[in-house]
Amino acid sequence: MFAVRAAKRAPWAVVGEKIIEALVYFCGFSAIVFVLGIFVFVFKEALPIFAHEQFSLTEFLTSSDWYPTSESNKRYGVFAMIVGTASVTVLAMVIAVPFGLGAAIYLSEFCGQKTRETLKIVIELLAAVPSVVWGFIGLTVMSKLIVQYTGTPVGVNVLNGGLILALMSVPIIVSISEDALKAVPDSYREAAIALGVTRWQLVWRVLLPAAKQGLLAAVLLGVGRGVGETMAVLMATGHAVHIPHGVLDSVRTLTANIAAELGEAPAGSDHYRVLFLTGVLLFTLTFAVNLIADTIVRGIRRK
Amino acid sequence: MTAAENHIEVRDLRLSYGLKEVIHGISFGIRRHEILGVIGPAQSGKTSLLRCINRTIDFTPDTHVSGTIEVDGEDVRKVRSVYALRRKIGMVAPLPVGLPLSIYDNVAFAPRSAGLHRRADLDAIVEQCLRQAALWDEVKDRLESLGTKLSGGQQQRLTIARALSHQPEILCLDEFSIAIDPVTTMRIEDVLKELRKHMTIILVTNLTQQARRLADRTMFMWKGEIVELDTTEVIFGENPKDQRTRDYVEGIFG
Amino acid sequence: MSPATAQSRFAETPAVRRKLRQEAIAKWIFCGMAAAMVVPLVLIVGYLVVRAAPSLNLEFLLEVPKRGMTEGGIWPAFVGTLYLVFLSLAVSAPIGILAAVYLNEYAGDNWFNRVINLAVINLAGVPSIVHALFGLGAFVYAARFGYSIISASLTLAIMTLPVIIASTRESLASVPRTFREACWNVGATRWQTIRSVVLPNSISGILTGVILQVSRAAGETAPVMFTGVVFFKAVERGDLFPYYLDEQCMALSMHLYTISTQVPGVKESIPFATAVVLLGLVVIVNATAISLRVYLRSRKKW
C-alpha cells in the first residue's frame, strides 16, 4: 500500500502547470504594461508639439483661445474647456453628493432588508446605463425640460450636463459611501442607541464623522468619473468654447473637445497633437484623483 | 541518542512574524515511530512549530525562520521538492476543513495531486483511509455527497482520512479534538495507537490528559521555548524537573 | 395609545415625542433622496419607451437603415455591436481572469505587486476618450491594424479589463483560506489547489464579471468611434456575418450618437427606439448577471 509514495506526476502535467503559471504571471503583469502603454502612446503622439516654436504649454493651459483650424492664426488654448469640465463636474457633485449620501444613509441605516436588496439592484442598473444613452436623454428629455422651466433658448448647457452627470455618478457615490458607513463598527451604533439618541442624531453625530474619509473617497471617485465622462457631456453641454457665466451657458469639456475634433484632425498635424496633449492632461488628472481616492479607501479597509 | 536515529531533528529554530519573535531558538529530536505529545498554553508556538516542519509557514507573508529542521536527515528548507516533503507529513488542523468536493474526492485529492490516477488504487486508498479514520461505516454509501455537508465530528475524521491519504511517515495533529465529541475523540485516539506502528506522530493538544494517555514522550512549551521534554511518565509523574511543568500539568496555570 | 401605557413609567414625554417625530422626518428625507435617484430613472425610461413605441418591433431590429439613415432599422449596428463585444470579450476575459488569479493567489505583498494593484485601479479610472486616443495610437497606427473591428475590439478589451479583474478577484477572495491551506498541507501545488478547489468555487463570480463586461462593452462609444466604427456601412438585411475583422463596422452606441446629433430629418421615433434597444440590451445582460449571482449564491457548497 505505498502506491502514493511511488506515484509520480506525468511529465506533461508538470510542464503544463509550469506553462499555465507562466501565463498567470504574464497576465498579472499585463496591467502595468497596459497603463504604461496608454501613457506612452498618448504621450508619444503629443510630444512633437513641444518642438514647435509657436506652441507654449503656459498658453495651452491658460488661454481660452481655441482656433485649431484657423488659416492665419492658429491658437491652442484649452482653458475654457478646463473651466467647462470643472463647472459641469462641480455642479454634478453639488447635486449628486447630498443625494448619493442621503440614499446611502437610507440604505444602510433606515430601510429593511428587502428594500435594500431592491434598491441595490436598481443602483446597479443605473450604473449600467451606457453614457451615450445618458447623452441622448440629456439631448432630448432634459433639454426640453430645461427650456420649458427656465425659458432659456438652448437646453444643452452646464445645467443639463451637470444633471446628467449627477445621475451617472450617483451609483458610485452610493455604493462607496454605503461601504464606508458599513465599516463603522456596530459597537458605535449600539453605544449611541444605549444613550437614547434618535437615529437622526446617530447619523449626524456618530456615523458621518466616523465615515468621513470614506465619504471623501466616494466624492473623489465621483469627480474622477465626472472629469473623464465623454459621450454624455458631448451631447448634453452644447458646444460653445467659452468661459460660462452661469449654469444656463453652453460649454465644452476637455473630453468632449477630443471626441468632437479628433475625427477632423489629420493624423500628425498640430491640431491632432494638441488633442493628444489634452489626453495626457486628462490621464494625469484622473490618475491623481483615483490615486488619492484609492489611498483613502485602502486606509479605511486596513482599519 | 544521536541525531541520525531521530526521525525529525530540530536545531536552534527561531521564527518571527514581522518583528515579533514567537519561537526563541528551540532544539529537540523526535524518534521514529513514537508519539510526541506537545502541550502548553495558547500562544506558546505549538502550531507555528508544525507549520515550520511542513513549510506551510512559507505561505504566511512576512515570516522569518532560522535554524534547521531535518526530516530523515534532510533540511526541510533545502529539500528538492517541497510538495514531496508535505506528502511525507500528514497535517490535521484544529478546526475540520471539508473541502467543497465529494467525500471520495476529498480523500483522493492528495493521491491525485501526487499523480496517482488509477481508479483501483484510488478506491483502495479511499477505503483504507476512511476506515483508519473510523468514518468508513458512516459514509460508505454516500461517497459522492459533499464533504462540507458532514457534521463537524465527521468532517474532522474526514480531515484525518485526508491527512492519511498520501501515506505520510509523520502525522501532525494540531488540537484535533477541539471540535468533536468525547466518544469520537476516544475512537480517534484508538486509531492513533494503531497508527503508531507505521508512523511518527506529533500530537499537539490542549488536553494534558490526552498527552498522558497517548504520548511516549511529552514536550511542554511555553512562550516559544521548551520548558521540559521527557518521557510522559516523568512529565506527569511526581518529579518533573521544572516547577512550571508541574503547575501546568496540575492545572494551576494555563 | 391605550391608557395603560400612558400611565406606565416609560410614558412618552413631550421630549421623547419630539425625538420620534424627528426620527420619522429624517427617515422620510433620506427615503426621498433614495427615491430621487430611482424615480427619474423610471420616468425617463418610461418616456423613452413611449416615444420609441412606433418603431419598436422586430422589423426595426432586422432592417437596415434607409434613405441616409433617416428611416429603416438598425441591423448593421446591432450585429456590429455583437462583433465588438464578443471579440473584446475573447481577449479580455482570459487575460483578466488570469491576472486576477495572479493578484489573489500568487502575488505577495511587495512593492511590485502594489504597483500592479495601482495600475489596475488606474486602468479603471482612465477616461474612455483617453482609451480612444491610445487605441488610435497603438492599434490603428503603431500596430498597423488600421481602422478595423480588431483595433476597436482590442481597445474595448483593455478598457473593460479592470471590470473582469475586480469581479474575479472578489469571488476568488470569497473562497476561504482554510481550503487552500488544507490542499497545501497534503502536498498539492498552488496551481493544483487553484484548479481543483479555488476556481470551481468561484466560477459564479467570475461568470458574473464576464457578463457585466459584456454590458459595459456594448454601451461604450468613445473608445470605438476613432478606432474602427463608422457612421454607415451597407449590409444585407438580417445578414449574421456581414463584416470581416479587418473592416470597419457600425455599432449601436455610435449609431445612436450619429442619428441623434449628426443626421438631420431622422424619423422621430428611430433614435428613441435605438436608445431603447441599447438600454434593453444592457438591462437584460445585467439582469442575467444578477439572477445568476442570486441563483449560484443559493447553492453555495459550504
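As written, the chain order gives the labels A, B and C, with residue 1 at the start of each chain.
Just so it is clear, contacts are C-beta pairs under 8 Å (C-beta built on N, C-alpha and C of every residue); 3 or more make two chains touch, one makes a residue touch a chain.
Just so it is clear, the structure is predicted and the values come from calculations on it, not from any experiment.
Considering every other chain in turn, the ones in contact with both chain A and chain C prove to be B. Note on interfaces B-C and A-B: more C-beta pairs are in contact across B-C. Ranking every chain by how far its Cα centroid lies from the centroid of chain B, the top place goes to A.
Overall, the chain located most centrally, as judged by its C-alpha mean against the mean of all protein C-alpha atoms, is C. Distance between chain centres (mean CA atoms), chain A to chain C: 15 Å. Distance between chain centres (mean CA atoms), chain B to chain C: 48 Å. Between chain A and chain B the centroid-to-centroid distance comes to 52 Å (mean Cα coordinates, whole Å). Touching of two or more other chains is recorded for residues 189, 192 of chain C. Multi-chain contact residues, meaning those touching two or more other chains, occur in chain B at positions 87, 110, 114, 165-166. Counting partner chains per residue, chain A shows two or more touched chains at no residue at all. Chain A makes touch with chain C in their complex at residues 17, 20-21, 23-32, 34-38, 41-42, 44-45, 98-103, 105-107, 109-111, 119, 121-126, 128-133, 135-137, 139-141, 167, 170, 174, 198-201, 203, 224, 227-231, 235, 255, 258-259, 262-263, 267, 275-276, 279, 282-283, 286-287, 289-291, 294. In the complex of the two chains, the chain C residues touching chain B come out as 108-109, 178-189, 192, 196-197, 200-201, 301-302.
Chain B makes touch with chain A in their complex at residues 87, 110-111, 114-116, 121, 124-125, 128, 165-167.
Those residues of chain B that touch chain C in the complex are listed here as 54, 56, 59, 61-62, 83-87, 90-91, 93, 95, 97-101, 109-110, 113-114, 146, 148, 159, 162-163, 165-166.
Across the complex, chain A meets chain B through its residues 1-5, 7-10, 13.
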